[in-house]
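In this document, chain identifiers A, B, C and D correspond to the written order of the chains, with residue numbering beginning at 1 in each.
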Amino acid sequence: MSTSLQHRVVAEFIGTLFLLAAIAGSGIMGERLAAGNVAIALLANTIATGAALVALILAFGPVSGAHLNPAVTLADAWRGGVAWRETPAYILAQLSGAIAGVVAAHLMFGLPVLSASTHARSGPAQLFSEFIATFGLLAVIWGCARSRPSTTPYAVGAYITAAYWFTASTSFANPAVTVARSMTNTFSGIRPADVPGFVAVQIAGGFAATLVFQWLTPALRAGPTAVLVEHNER
Amino acid sequence: MSTSLQHRVVAEFIGTLFLLAAIAGSGIMGERLAAGNVAIALLANTIATGAALVALILAFGPVSGAHLNPAVTLADAWRGGVAWRETPAYILAQLSGAIAGVVAAHLMFGLPVLSASTHARSGPAQLFSEFIATFGLLAVIWGCARSRPSTTPYAVGAYITAAYWFTASTSFANPAVTVARSMTNTFSGIRPADVPGFVAVQIAGGFAATLVFQWLTPALRAGPTAVLVEHNER
Amino acid sequence: MSTSLQHRVVAEFIGTLFLLAAIAGSGIMGERLAAGNVAIALLANTIATGAALVALILAFGPVSGAHLNPAVTLADAWRGGVAWRETPAYILAQLSGAIAGVVAAHLMFGLPVLSASTHARSGPAQLFSEFIATFGLLAVIWGCARSRPSTTPYAVGAYITAAYWFTASTSFANPAVTVARSMTNTFSGIRPADVPGFVAVQIAGGFAATLVFQWLTPALRAGPTAVLVEHNER
Amino acid sequence: MSTSLQHRVVAEFIGTLFLLAAIAGSGIMGERLAAGNVAIALLANTIATGAALVALILAFGPVSGAHLNPAVTLADAWRGGVAWRETPAYILAQLSGAIAGVVAAHLMFGLPVLSASTHARSGPAQLFSEFIATFGLLAVIWGCARSRPSTTPYAVGAYITAAYWFTASTSFANPAVTVARSMTNTFSGIRPADVPGFVAVQIAGGFAATLVFQWLTPALRAGPTAVLVEHNER
């Protein structure tokens, strides 16, 4: 691990900031311009989010692994990647970066700094959607990270592009994203009351996918070597 | 072939499950949000399917070859790739995974577990479309798989993205996909009565493309080495 | 040149067939579904064409170079790539493949085999558009082909995706495409009377870009080695 | 530095010309076809710009680094890339190429050669948007350029695709682009009076990102070696 924790944590903060700026900002722009057609607003939101993920994972992957997601960091720590003692710093950076990203989006669009969302996203179909969404995300990451890590940025960007449309929840798949999106009462928001359920099934989905891929791919079974996404490809 | 059949079959099951969840799920979401504009719904369906293919082939290719399609498995077995004795397990995994994917999509969107489609897709123009669609798919796979297998995920994703729009049938090009889509009475469905015709011309189209590329590319003529898509690039 | 002319010519025929099927077919589908919104129809046409180019150049590049375009073949022959004595066979395969592709699109959509277009595309702005479009296409090809040929499929697909929107003519940039599109009286058609002008400025644009890049890049100045797009990367 | 300044400057001129033709041209086409739906017009503008960037950076990167942007050239010079004495030639080529690109777009669409924009883009939210947009662009470039320069074209294209939607200003992020867009009274225009503010915060954003990445990535800290984007990967 050649990059110090301090550097990696700052990379996670900036990367997650830009990820949330992209999600919340493009949601606001999409809704403003789409003249009431939700499909067009979501299409803009999708393209912006998928493209941002590709760019951000390419840019920050070599520094910190570009997790940008506590579910990824927890799964990575569990498989012997990032050290457990470093995990809280990663997650704190992701959470604070995510909130800072929503603030940045609000300031760019001339909105109040933060605002609690009133967008209800609850019920079993939504929770099952988030379980599937995060299962798939971790499956894609584990499928790429050990055998061809240079493809991970494209695979993750493509996966989320698809998952925005094939899950009923539009695929948050990320606890930091979920918390931060509860603080924007715009297109991409989620009611604070619905956050804990989302986070719980996201972590469960990521855990389940990691279990499956631990069995599925010998490289992942091999044990505690560095498995930071993107990190060991250099 | 370093990965056991058991592992490869599970990879085909999960991969095809997510492929169908993407196709059926994004069709449902697209139709719900597009306010009656079919072009916008199909655009969402297209982007989700193409992006899902890129992510899934990148993730599952190293394990099982990521066929996700009985037409691909049959062509591959014919050219000496996957062993004939393993072919039924592959196809069974693809079929059951595809149906499970439709179930997952239905549950995510709060719909009945399965429902027979009433969407008629028949007649010579539709059948010719599926022949062309599957011919092109196998042509792209054979064109990439021997000389530059690392490009196959992008080529297949790009090809299906295009074929959704340039064939009158929106390019099923996959018998497992066709069977499973007969079980969803939503945007992406196909009437069960129309399934056998689709499957027949899909297999014929894949067979024809394999014949042509066997003649066209010396590497493919070379004979019975492992030609699992993506598998031998490691 | 390890692949025989016969094989390369067949690859050019099939590749150009699928390219035109994609252009004409997605134009028909886009227009049928877009409910009169031309921007949405062109967006579908654009995405299908750009994605098809990526897939087809990846698949056929290793066989024939995947020119799929007489302007590319002429420029390539001029710079010492494909032999002049092979050039007529290339161009004939591209022209006949292009027409066959329009026929295939018509059959897939249940239309008459061929139909003369009545879509007027004339005047200096249209001709200047085609000059710019083809200049840019050859610039992109020459910029990639010598230094990083593995990127050419993505660069060409991305360029045409952009050029569909930034030229007033929607960027035909290909004499075989232009001739074939005069035979479809659908979204992507062009009046036969407007074909000669388009072809003339396309060849002029390709010639001008080749001149500029011959001066610009030392590798291209170096002289008569194989410069088939994609071909010499293996 | 094997390519002479003369060649590199011509590459910057042609590359920036095509970038602006893409931005202004696709804006005109999008607005003409979108029947008043601004989201669809911006979607077309976005896809064309992002795709053009991928193609142009792939094509011109090996010659000049494909900066196409004075903010990139200044940051690169500051970090010991392009020599300071060459910087004015780079910037002059970018500015004149950008204006020539707007002229080309106007001629392709049958408009007056140049026209002052009346599109107001001012106020703190717009300026903050441009700071964020350019900070992110330089972050992505620095994140990729040293460790994996072959990914820069895709990362930059993806970043700008996202930033068109997540910033309130639609992410000019480029002083040459900003100046040139003040000369087109069409979709992508900006009032001349608003140009100085945009340029100032763009340079500040690029400077801030370069400072952060100088601290963040050891390779960038290492000092005055050639850091032209894309240039040293050959």
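In this text, a contact is a pair of C-beta atoms (placed from the backbone, for glycine too) under 8 Å apart; a residue touches a chain by one contact, two chains touch by 3 or more.
Please read all numbers here as calculations on a predicted model, not as lab measurements.
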Worksheet, complete the sentence: Between subunit A and subunit B the C-alpha superposition rotation, given in steps of 5 degrees, amounts to 90
Discussion item. Looking only at residue numbers at the subunit C/subunit D interface, is the share used by both copies over half or under half? Answer same or different.
Written reply: different
Worksheet item: How big is the gap, in whole Å, between where the Cα atoms of subunit B centre and where those of subunit C centre?
Response: 28
Discussion item. Can you work out the whole-Å distance between the CA centroids of subunit B and subunit D?
Written reply: 39
Worksheet item: Where in subunit C do residues touch two or more other chains at once?
Response: 37, 40, 43, 47, 154
Worksheet item: Each pair of chains that touch: what are they?
Response: A-B, A-D, B-C, C-D
Worksheet entry | For the subunit C and subunit B complex, residues of the former touching the latter | 2-3, 7, 10-11, 14, 18, 21-26, 29-30, 33-35, 37, 40-41, 43-45, 47-49, 51-52, 54-56, 58-60, 62-63, 104-105, 107-110, 150, 153-154, 157, 234
Worksheet entry | Complex interface listing, subunit D residues touching subunit A | 37-40, 42-43, 46-47, 50, 123, 125, 128-129, 132, 136, 139-140, 142-144, 147-148, 151, 154-156, 158-159, 161-169, 212, 215-218
